[in-house]
Amino acid sequence: MIGKTTWAIAEGYIPSGSTDPGDPALVSHETVCILNAADVDADIEITLFFADREPAGPYRLTVAARRTRHMRFNDLSDPEPVPRDTDYASVIHSTQPVVVQHTRLDSRRPEIALMSTMAYAHG
Amino acid sequence: MIGKTTWAIAEGYIPSGSTDPGDPALVSHETVCILNAADVDADIEITLFFADREPAGPYRLTVAARRTRHMRFNDLSDPEPVPRDTDYASVIHSTQPVVVQHTRLDSRRPEIALMSTMAYAHG
Amino acid sequence: MIGKTTWAIAEGYIPSGSTDPGDPALVSHETVCILNAADVDADIEITLFFADREPAGPYRLTVAARRTRHMRFNDLSDPEPVPRDTDYASVIHSTQPVVVQHTRLDSRRPEIALMSTMAYAHG
Amino acid sequence: MIGKTTWAIAEGYIPSGSTDPGDPALVSHETVCILNAADVDADIEITLFFADREPAGPYRLTVAARRTRHMRFNDLSDPEPVPRDTDYASVIHSTQPVVVQHTRLDSRRPEIALMSTMAYAHG
């Protein structure tokens, strides 16, 4: 089974602005990419941390066996949406080993900018 | 021998659009860069994972001894091409320890964007 | 407790130029993102290394329990500001395990460029 | 002592084109950033790997005690320059533990693109 059950991402920031809000693919967003290469579904809990308030969450999702899921932080809504233009960080817990990668597409200016890194694998 | 025999990349997305499809170097692409610093050839198998279907592959390639190979996911075709504008992830198995890095060049807009990260080394 | 107490970032370079110095969010900057997911405050010391002089610091800050802090190197001032257009590197020590990620937003040209990577976790 | 003595970077590609070759800071380049946080000088050997020829090097440099050095692959010349528009990879050996990060600034188009990742730490 490839991966770990706890991951962390220290960077988090969803710009409120986008050059072309009508094109969903190019709206400014941050994504947590989760790969579950195992033959068992993985139940995921994401907790968000902020600079000046208590953490939010857990946000729950499932990554089915032998599937990947690229979840935009923009789309997390339960228990509460992720604020824009606000520093945050995240911790991801899974019932099964998974691999987690973090990406931002930033389209505040007309030309997009990208960044990506593997998350920090704990334990 | 430098590296590991199993690697994973949770992010994967090849934009179908490119600003200048006539320039191969600047066509939107994702690449898996594999370094085999050892004195023995490495036989590689890549498996692709998706959000809503069973995995594809294995895709097979060889990285010769003391060589690097930067393989575009765009160019994988056997057993099937990699769909564009579709989330995927990948697992790379090698018969010899190798080092794996992931890169995207995105030219949906006239100015390119880049991202890169070391893959997740398993075991 | 998620993370490590010692981290290092080998890259460091704050461009002096910005396309629009009036917009703080888009001023060229480098940031150290620190996540303290534990229930105890983390006292942080950052030391900066240069190409041709002795190290600067330590710069001291606190990341409260269950908080994240995204500290711009641009804003470090005590014991001395961080020079612009100058190569540097950094070592981060914490009294508690934390997770550290590094980011640069570069706006020397009108369109921003981004890069990010997890820092190197020591020990 | 922070770091490792062997590192690898699987990606390598120096674009020959630059939007403004007259501005050294914005010429397309790849850099290996090395941090030596210890109190002893580190003697470094870099070996380059290619797709279709034997490796080049070693390229030798020193990173003094308590210093960082951000070496552009563009500037490596002994025993031979690094070819442009050519895939390569690199292995970095050091006599002392160091931390290694990899960066590309790409200015083939008028707006720069950036990418960065920690190198792979061996052993």
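For clarity, chains are labelled A, B, C and D in written order, and residue numbers in each chain start from 1.
Everything below uses one rule, namely that a residue touches a chain if its C-beta (ideal position, glycine included) is under 8 Å from a C-beta of that chain, and two chains touch if they have at least 3 such contacts.
Please read these numbers as outputs of a predicted model, since none were measured by experiment.
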Task: Quick one: superpose subunit A on subunit B by CA and send over the rotation angle as a multiple of 5°.
output: 90
Query: Same or different: do the copies subunit A and subunit C touch each other through matching residue numbers, with over half of them shared?
result: different
Longest centre-to-centre distance from subunit A, chain (CA-based): D
Field: Distance from the mean Cα position of subunit D to that of subunit C, given in whole angstrom
entry: 21
Query: Taking each chain's centre as the mean of its CA atoms, how far is subunit B from subunit C in angstrom?
result: 30
Task: List, in ascending order, every residue of subunit A touching at least 2 other chains.
output: 110-111, 113-118
Statement: Seen from subunit D, its contact residues with subunit B in the complex are 6, 8-13, 15, 47, 49-52, 54-55, 85, 87-89, 91, 102, 104, 106, 108-111, 113-120, 122
Query: Which bits of subunit D are touching subunit C when the two form their complex?
result: 2-3, 25-26, 31, 33-37, 66-70, 98-101, 103, 105, 110-118, 121
